[in-house]
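Paired with chain B in one complex and with chain C in the other, chain A is shared by the two complexes that follow.
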Partner chain A sequence: MLQIYTSGATSGSFRGGKQKKGNVTSEQEEEEQPLQAVLVADSFNRRFFPISKDQPRALLPLGNVAMIDYTLEFLTSTGVQETFVFCCWMSNKIKDHLLKSKWCRPTSPNVVHIITSDLYRSLGDVLRDVDAKNLVRNDFILVYGDVVSNIDVSQALQEHRHRRKVDKNISVMTMVFKESSPGHKTRCEEDDVIVAMDSKSKRVLHYQKTQGLKKLQFPMNIFQHGSDEFEIRHDLLDCHISICSPQVAELFTDNFDYQTRNDFVRGILVNEEILGNQIHLYVTQDGYGARVSNLQMYDSVSLDMVRRWVYPLTPEANFTDQQGQGCTHSRHNVYRGAEVSLGHGSQMEENVLIGRDTSIGANCHISNSVIGNNCTIGDNVVLDRAHMWNNVHVSSNVEIHQSVVCDGAVVKEAVRLNKQCVLAYNVVIGPNLSLPEGTVVSMHHPEEEEEDDDDEFLSDDQEVGHSKDKTRQKAFNPAEVGPEGKGYIWKASMNDTEDEELAQCLWGLVLNPDPESDSESEASEESQDRTFQLEVLGTLQRGLEENIVCDNLVLEINSLKYAYNITLKEVMQILTRVVLEYPFQQQGTQLTTLQYTGSLLPLLKTWSPVFKNYIKRAQDHLDCLSAVEELFLEQDTHQTAMVKVLMKMYQLEILEEEAILKWFSTGATNDKSRQLRKNQGVMRRMSLWRKESEEDESSEEGECGR
Partner chain B sequence: MGSAIEAKTHKNMPGADKEADLTERIEAFLADLKRGGCGTGPIRGSGETARETTALLRKVTAQARWSSAGDLMEIIRKEGRRMTAAQPSETTVGNMVLRVLKIIREEYARSRGSSEETDQQESLHKLLTSGGLSEENFRQHFVHLKANVIEAINELLTELEGTTDNIAMQALEHIHSNEVIMTVGRSRTVEAFLKDAARKRKFHVIVAECAPFCQGHEMATNLSKASIETTVIADAAIFAVMSRVNKVIIGTQTVLANGGLRAVNGTHTVALAARHHSTPLIVCAPMFKLSPQFPNEEDTFHKFVSPHEVLPFTEGEILSKVNVHCPVFDYVPPELITLFISNIGGNAPSYIYRLMSELYHPEDHDL
Partner chain C sequence: MELQAVLMAAGGGSRMMDLTYNTPKPLLPVGNKPLIWYPLNLLERVGFEEVIVITTKEVQKMISTDPKVKLDVKMKLDLVCIQEDADMGTADALRHIQQKVKTDVLVVSCDLITDAALHEVVDLFRAHNATLSMLMSKAHEFTETVPGQKGKKKTGEQRDFVGVDGTGKRLLFMANEADLDEGVVIRKSIMRKHPRMHIKTGLVDAHLYCLKKSVVDFLADNKSISSIRGELVPYLVRKQFSKSTNSPKVIDETHQNLKKNDSNISSRDEELLHLTQERSCWNDHRGDMSDAYHGGRLRCYVHIMDEGICYRVNTLAAYIEANRLAPKLFDEPAVHPSAVVSERCLIGADSIIGASCQISDKTSIKRSTIGVSTTVREKVKVTNSIIMHGVTIEEGCNIQGSVICSNAVIGRGADIKYCLVGSAQRIEPDAEVNITYHYKSITYNNCHKVSK
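Presenting the complex of A and B:
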C-alpha cells in the first residue's frame, strides 16, 4: 500500500499500485482512528555538508542501515499505522529507498505516504502543509528522519490522550525526553535544554536551550503559578519525538514565523495566558532515543547501537528484512556479515560491525568501528572509531581514528587520518600522508558552495549537478590530498573564521551561534534594517506625542518585526540605536554632550519598559551593550555621555551589572584598540563607579545621582 | 474430484484475498517475534508462542495453495525458516515447525497405507535399502490429506494447552511436606507446579531474585499470594542457602538435544551449588521446549539485550569508558540435572535423545 503525493515544484501525481486496497483500508481506519505519524526526512540545515550534498541525511547509513529505517521501525513498533514522510532535499532518493524497503510492501502494518516538495524550508513549512492538506485527523507523532529510538511511547500517548480528554484541547504537545545526566556522550550539546515543569501535571513552565549560556534566567511566574511542586531539570536528553495534537499544525499555520519546534514551544509558553495552550513533558528512564544531529552524535549513536543500547534494533536482527543484510553476533559485540574474510593475525577487539563481502588483511586492529559492505582493507591497518560506509578501499599501513569514510572512498598506503576527519564520497587520499585533525575532504570544490549560496538558504536543497563539470577542471592539490589523491579540502577556500566554524559544525563541537542570520542574503537585509529603523523611530515619536502606553509600543514594534522579518537581536540593537540617536534626530547633530544627556535620560526612563521587554537573556544584555558601544564609537564627540547612559540604564534595571562588567572586560580585549583608548577615560570612571557601588550598596543612589 | 473443485475455487477470487490475509498474519507474527523480548524476556510465555505458531501453521495448511504433502512441507519449511530467523533465541517456534512437519509425514504415510511404526523406525537396514526415496514419495495426491493434517494439528494444539496442567499434576509426587525448595527467576510452569503442590502440602520456597531483571520478585509475589511460605534471596546467597535446600526446581527456556539447558542467567550457579551439596535438581519443561539444537553449535545461542538494566543510561560519563554486556541465558550441562518433568512424565537427561527422535523426524532437524 503506498500513496505518493507531490506538490509544489514537482508536478503531476503518481499513485501506488494498490489504489483500491488503500481506499478500503483508509475507510476502515476512519472508524478505528489509526495512530498517525509525521516523519520529516530533511534536516533543514547543512550540518552534514559536504556529505549530505550527495545523499540526504536520512539515508546515511548507521550501522549499515539507513537512518530513516530506524525511525520507521520505531514508529511501526509503537503501533503507528499511517506515516507521512516529508522530503525536500533529494526527495527522489528517499522515495526510491522507501519504495524498495519493507515499509512499502503490501503487508506492512504501517502505511507510508511520501510527500515531496522543494518548497519546504523548515519544520514549520512541513506542518503548515500538513494543515493545508488536512492530513492528520487525530493525535500524531512528530519525528525527524534521523531519530534512532526504541522508546515505548504508548505510555506517553496514553497520558497525552488522557490530558486531552480531561481538559479539552488545552494540551497541544507532549515532548518525549530521556533521563541522562549531563556529560553523557549521547547528549547533544546543541540540544541541551533546561526545563521547568510542574511535577504533578508534567506541564512545561519554562523551556530554554542552555547552549552557550553561562547564566540562566527563570521568569518569576513559574514560582508563583500555584502548583505545590515543580522541577527544574537539566538531566534530560531531547529525543526529538513529540506527540502532537492536530492543533499543532493549525498553530503553525496561524503563526507563520514559527520555523522550528523550538520556536513553537517558546511561542506557546509565551502566549500561554492568551491562547491557553499547554505543552507537557514525558520523561522516560527506559529505552533509548537520540537524534543524529551532527557527526559527534553520529559517532556516539552508532557506537551505542553496536553496544546494543537500542535493542531490539541491533545489527543482527535485520529488522529491515533485506536479503543478505543479516549478520551474526558474537562475544564482545563483534558482528560479522556474510562472506567476511579476516586475515591472519587480525583482531576485532570489541564493538565491531563488519558488513557483507568485506575482506580484511593481516595484522589489523579494529575496535569500536563500523565497516560497510564490499570494503577491502589491507594489512597492518589500525581502525578505532572508524565509520566506513560501503565500497571503501583501504590500503596497508593505514591508521584511522574517529573518522567517517563515505562510500567509494579510497585510502592509499600509509595514510593516517587523525580524529574527526571526514572523507566524503569517492575521495582518494594518499599515499604517505597524515591528515590533521578535523580535515574534511570532498569531491565538491568549496567554491561551488559559494556560487550556490545566492539562491540556496537554510535547507539542504539544491541542484548540484550543473557545477560538476566546473569542478573537474580545477586541479587537486597534492599537498592536501597526497600525490595520487582526488578531492578538495572542504574548508580551504572559505575565509578564516567561517571555515573553522564549519568544520567543527560537522562534528558539532563549536556551534554557530545564529545560523539563520548567516544564511540570509545580506544586501536586501541592509535596506530592510534601514526601513525598520525608520519605522521604529516613527513609532517611538508617535508614542511620545500621543502618550501611548509602552505595552502598545511593544506590540507595534513586534508587528513591525514580523513585517520586516527581523530577528529579535536586531530589533534590540536597532531599538537601542534609535533611542540613543533620538536627541540628534529631534534637535540636530550640533548638540553639546550636556544637552544630549539632558534630553536622553528622561527618554530612557519613559521607554525603559520597552527595553525590558526585549532585553532578557544574558546575551541580550551584551548585544544591547555592543549596540551602545557602536553608536558612541560613531559619535565620538559625545563619548563622555556614554557612562551616564549606561548608569541610567543600570539604574532603570535595563542592564545588569554583570553584563556591563562582562562587556567591559571583553571590550578591553577587542581589536580596535584605537577607539578603546579613547574610551578608556569612560571605562575607568565606570569601573570606579561600579566598585564604589559594590562596596557601598546603600550609597548607590547618591553616587549615581552625581 | 472433490478436491480438484476445491483447488479451483481457491484459485479464484477468495484465494488471493485469503493469501494476502495469511501473509499479513505471518508478517505481523514475525514483527512481533522480532520486537519481543525487550529486557526481561519475551512478553508472552513460550507456551503461548508455541500455540500461536501452531495455530499459524494450521492456517498456512488450510489456506496456502498445495496439492501434495511435498508441496505443503516445502511451504511450511519456508515459513518456518523465516520464523526461526526472526528470533533465533525463541526455539519453541522452530520446535513447533518440526512437529508440524512430522505430522505431515505421518499423515502422508497413513494415507499411503504403510503403518506408522515402520516409517518411523530408523534402522541401518532401512537406510541401505531405501536409498533416495524420501522426497519424491510425498508427491502422491490424497483427497483427505488436508483434513487429516489439520485434525492432527488440532490434536497438537490440545496437547499444548494441557502441558502446564499435566506437569503441575505430578507435583505431589515430587514435593513432600516441610521441604525447602529453591527456584530461580520466574517460570510459569514452576509456578503452577508449586501452587498445585501447595494445595495439599506445606513447604517453604526460596526464590533467587535473578538479577538484573529480578523476575524472581514477581515469582515470589505470586507464590505468596497462593499462601506459600516464600523467601527471596540475592543471587550471591544461592550457595550459602543451598545447604538448607531439599530440592531445586527450575524452569528453562530450552532443553537442548544433549539434555543440557538453555535457561535464564543464574541457573548455572544454582545447578553447580546443587551439585556441590548433592541436592537434586529438577527441571520442569514441557515437551515443546525440546529442541534439536546442540549447545554452542551456532552464534545464535546467546542473546544479549540492552545493557540498561546492568548500568542505567542515566549514569552519564562512565558509559563512554566501559563496555557493559547483558546476556540473558546460561548453559547448564546435562550432568548437573537430575530429572526432567515434562507433560508426559519424568525423564533423565540421558533419555532426551530418545524423546527427540520420537518428536521430530531426523530429516527435518535443520530446516
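Presenting the complex of A and C:
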C-alpha cells in the first residue's frame, strides 16, 4: 500500500486525492498505516546568522554530526516509517546531505521524502503545504531539524491515540515536554514556558512564554472545566516534539495567520470553547529532548551529548554509519577519532571529543570541548567549552573559552577568544589579539546582509557567491581581526537587548538564575505609596504653575486618595513630605538651609488651605508633626530649618501650639529624634512657646521640663 | 507543654439561624451530644490536658447549669467569655487571650467534626518549624434533603483556590474566587522556587490551625486583622515569599525578641535548629542548590485529608449530615440505658435514642436521632429525622426528613415531611406539614399555626 519514492523527489503531489482528509480510519487500518513524521529543516529565523549564511542550521555539526541526523535518528528509533523533510533555506545542501546519508539507502526503515520550496516562510506555510499535498493520513510527529532527543514517544503516541479514540478527535495535539527544574542548563530562557494543566486529563489549559514576565496571570475561565485539581508547571522543558492529528494541518489551512506552533497552541486554547479542540501534554522524566534554538543551547546540548545524556546517541556509537566517523570512548568522557595525534604533555581533562585526523600539539589543556575532523592545534593551547568544527587551524599559545569556531577558520598565534565568540566560516584571526566577549566574526560583511534583506529566504549559493564579490571591496580592519586577519566584526551580540535585535542575538539570553527576582516581591504596596507621592507632587506643581485654587487641589488629592486607596493619615503624611521636599525637588539637594527656608516658607503660605483641609483633629496634628520630624531626621543638615517651618506652620494656623508642645514633650522615641529636639534652635523656640503658653494657662507646668 | 489548645466557640451560627435561634451553636445536639463535645473530644484523644475555650456568657451559663449539655470531658476547660455583641472575629478572640498564650497554639473551631489524625497537622508544624499548619479536607456532597428546601441547592458558592507544591504539603497560594477578577496571578519567583503547583478547588478548610506564638504576638500588634481564616491565613501565605517587608520583620523581630528575652529551653533549641539547618546540606526541594526553604523564615503548610470524616457544622445541610454520621464516631450504645423503649417497636441500628426517652408500642424509628427526655407515643413513624431534647410526639405521627427542635409538641396524627419545627412549637393534631409550607413560619411564630 505504501508507495516508496526515490528520496530526493522534490515537491510535488505524492498521493493523488485518493483519500479524504482526516477521515477516521478503522482500527485495523490504523495499525497498518506507517507512522509519519514531518521534519521542518528550517528554523525560519536568523538566530544563527552569520553562521547559517553558509550552512543551513540543520546541517551544523553537533558532536561532529549534523543536527538533522540526530533528529532523523530519533524519529527512526521511535518507530517512524515515513518522514517528510521540508527544506527552504539552502535546500540543495540539505538534499545532498540526506542523499548521501544512511536514510536514503534502500535498507533504511524510515523512508525520507524531501520536499523543498522557496516559498516557505514559517512552520505555518509548511503545514499548509502538508494539507494541500495531502501527505499525512494519520497522527504524525512534528519536529524541527535541530531537535536532539532520545525520548521514546511511543507511549505518548499511545496516549494520544487513546484520547482520540475516546473523545472523537477532540485532542488535536500532544506536546512532549521533559521535566527539568528552572535554572537547568538545557533550559532555554527564551523558550521558558509556564503551563497550566488539568491534573487528571493532562489537558493543557494555558500555555505561555514567561520570558520577561514577573507575574503570571491565568484567566479564570481555564478553571471552570469541572475538574477540581489543576496544576501549574514551570518545570517543563519544551522539546519541540509534538504529536499531531491530521486536523492540525487543516487547522493551519483554516487559520492562515498561524505562523508558528506557538500561534497554533494559543489559538486552539483561546478558541477551545468554539472549536472544541484540545491540546494535551506528555511529560517525560528520563528522556532527553532539546531544540538547538540558539548558541547557548548549542553549547549545552553539545556538552550533554558528550556527557552521554542522549544515550544511545553517543559520539562513539556512529549512528550515522559513516566511514571513518568512529571514535573510541575512554574515561572522563574523552573520545578520540581515528588518527588523532596528541603532543607531549597535552591534557584532555574531561568531556572532550576529537574528530579524525586531528593533531594536537604539546602542552595543551582541553576540557569540555568538541574538535572536528582535520583540525590542527598548536602548542600551549587552552580550550574550554570550545566548539571547533572541521579543518580549523589553531596556532600556538591560543586560548579559547566557550566559543564556536566554524569550518576552515584559522586562529593565529597568541589569540584569545573570550566567552561567546563566534568565528564563522573561513575567518582568519590574529596574531596577537584578544577578542572581547561576544565577538562575532564572519567573512560576510554585516551590511551586505541588510542589502539583500528582502530576499533573505531566496537562498541561492550563486547569490551568496555574488555578494561575496561585493564584500571583497571592503577592506578588513586589522584592529578588529588582527594584522593577518580576514573577516568582519558583526555587532557584538550581547549588548543589544531590544526586541528587534534579540532575533539576531546568536547566543541568546544568558541563564541567570536571577536571585534579584525576589526583590520585586510585594513591591506593589510600597510603590503604591510612591506613585501617590509622585502624583501629589505633580498636582502641587501644576497648581503652582497654573495658579489653581487650593480647593481644587484638595479635590484632586482626594480623588487620588481613592484611586490609590490611601488612608487619610497617609495622605497627610505624604502631603507634608512632598511640600517640605519641594524646594529640594525643584532646586536640587545642594541648597543651604537659608535658601531652603527662603523658598519653602512662601510655599507653605500658598498651600496652607490644603493643609488645613487635612489637619483637623488633634491626632492629625501629631501625625503631621511626626512626618515633619521624619523628614528632618533624614535631612539632618537642615535641622535648624525645622524651627522656622514649625513656627510658620503655627503662624499659618496649620498646627496648633498645644500639639507642637505635646509632640515635643512626648514624641522622642529614639536617640536621633532626641538629638533633634536637643538642637539649640528647637530648644530655644520651644522654651519660648512654653513661656507663652504658660502665660495663657498657668496649669501647664513642668510637663516638658528638662 | 508544646502546644496550647484554643477552642473557638463564640460563633453565632449565622448560616443556620433556624437552628441557632434558641440554642447557641456550640450546644446544638449532634448525635445527642453538644457540638462542642466533638472538637473537645478530638483534643482529648490526642492528649491535651487543658484547653482554652473562647465562648459567650450564654454558653458558659448553659454549660454550668443545664444538665442536658453535659460535657463529659476530663480536660481542664478554661472558659474565656467574650462580648457576644462585640462582633469579634476569631483573630480578635485570639488577640483577646494573648496573655494566656505561652507557646505555639492549636486553634480549633467548635463546629469541627472529624476523625482526622491530628498528629499529621502537628507533625508538619514540627518538622518544618512552620509558622502555620492547617487541616483541609476534600469537600463532601451533602446527599440528604434539607428541610425547607425544594430540590437540590445549587452550589453557587464561590470556590476557594488553594495552591500547594509538588509534595502537596506546602501552602503556596490561597484565594477566593470572588477576589480573582483578574484571574489567578502568581509571581514568577514563586514558580521558580516551586515549579510545580497544584491548584485545588474542591477543598473545605477545617478551621484547625497550628500557629506560632509569634503570630499571636503579631496579631496583638496588628489590630486590623480580625479573622483568622479570612485575613490572617491569606496574609501569612502571601508573606511567605516576600522579603524585606514590614510584617515578616515584625515576626522576625519577635523571633529575635524571644531569643533575647526568653532564656528558656525552647528558644535555645530554636537557635540551634537554625544553625543545623544552615550547616546541613538538606533542603526541601529538588532542582536547585539553594538553602532549605529558599531561606524563607515564614512557612505555611497544609494537610489535606483524602478520606475520613471532616465536617464543619455551619449549615443546616451539614448539621443533618453530621447527625447521620456522628454515631460512627463514638462507640456508645445506640439506645441509652436509661431510655424506656417498648419491646414492640422497631428501632433501626442507625438510630440513637437519648437518655430517659420513652418510646411506646408500634413505633418505627429509622435513621434518626431522638434526644434526651423525649416522649414518643404509639404508632409513630420517624425516618431520617433529628428530634432534639424534650420533644413530645403524640400518637400516629409520621415524621420524615425533618428537624424537630427542643421541647416541641407534635399533635396526634400530624404528618410532617421535610420540615424544621422550632423549639417549643406546638403542631396541631392531624396537621399536615410538608415542604410546600415555608418552614420559617412555623419556626418562630407561635401564633401562626399551620393546620389543614
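One rule holds in what follows: the second predicted complex is superposed on the first by the 455 of 706 C-alpha atoms of A that agree within 3 Å, B and C clash if a C-alpha of one lies under 4 Å from a C-alpha of the other, contacts with A are read in each partner's own complex, and residues count from 1 in each chain.
To be clear about the criterion, a residue touches a chain if its C-beta (ideal position, glycine included) is under 8 Å from a C-beta of that chain, and two chains touch if they have at least 3 such contacts.
Fair warning: this is a prediction, and the values are worked out from it, not measured in the lab.
Colleague: Using the superposition on chain A described above, determine whether A:E229 touches chain B (first), chain C (second), both, or neither.
Modeller: second
Colleague: Between chain B (first) and chain C (second), which, if any, makes contact with A:I194: first, second, both or neither?
Modeller: A:I194 contacts chain C only, not chain B.
Colleague: Which partner does A:T210 reach: the first (chain B), the second (chain C), both, or neither?
Modeller: In the superposition, A:T210 touches chain C alone.
Colleague: Just to be sure I read the superposition right, which of the two partners does A:L603 touch: chain B = first, chain C = second, or both, or neither?
Modeller: neither
Colleague: Looking at A:G183 after the superposition, I want to know if it touches chain B, chain C, both of them or none. Which is it: first, second, both, neither?
Modeller: Touch status of A:G183: both partners.
Colleague: One more residue to check, A:F218. First (chain B), second (chain C), both or neither?
Modeller: Once the two structures are laid over each other on A, A:F218 reaches chain C alone.
Colleague: Return first, second, both or neither, reflecting whether A:Y311 touches chain B, chain C, both chains, or no partner chain.
Modeller: first
Colleague: Touching A:I170 in the superposition: chain B (first), chain C (second), both, neither?
Modeller: Neither chain B nor chain C is touched by A:I170.
Colleague: Does chain B (first) or chain C (second) touch A:A362, or do both, or does neither?
Modeller: Touch partners of A:A362: none, neither chain B nor chain C.
Colleague: Using the superposition described at the top, list the residues of chain A that contact chain B and also contact chain C.
Modeller: 180-184, 235
Colleague: Note which residues of chain A are touching chain C in the complex, please.
Modeller: Residues 180-184, 194, 199, 210, 213-220, 223, 228-235, 513, 517-522, 525.
Colleague: Across the complex, what residues on chain A touch chain B?
Modeller: Of all residues in chain A, those touching chain B are 76-77, 105-109, 150, 178-185, 235, 285-288, 300, 307-312, 317-319, 326, 328-330, 332-333, 350-351.
Colleague: What residues on chain B touch chain A, complex-wise?
Modeller: For chain B paired with chain A, touching residues are 20, 23-24, 27-28, 31, 34-39, 85, 299-300, 302, 304-308, 312-317, 319-320, 323-326.
Colleague: Give every residue of chain C touching chain A within the complex, in rising order.
Modeller: Listed in rising order, the residues of chain C that touch chain A are 161, 163, 177, 180-189, 191-192, 195-202, 238-239, 241-245, 286-288.
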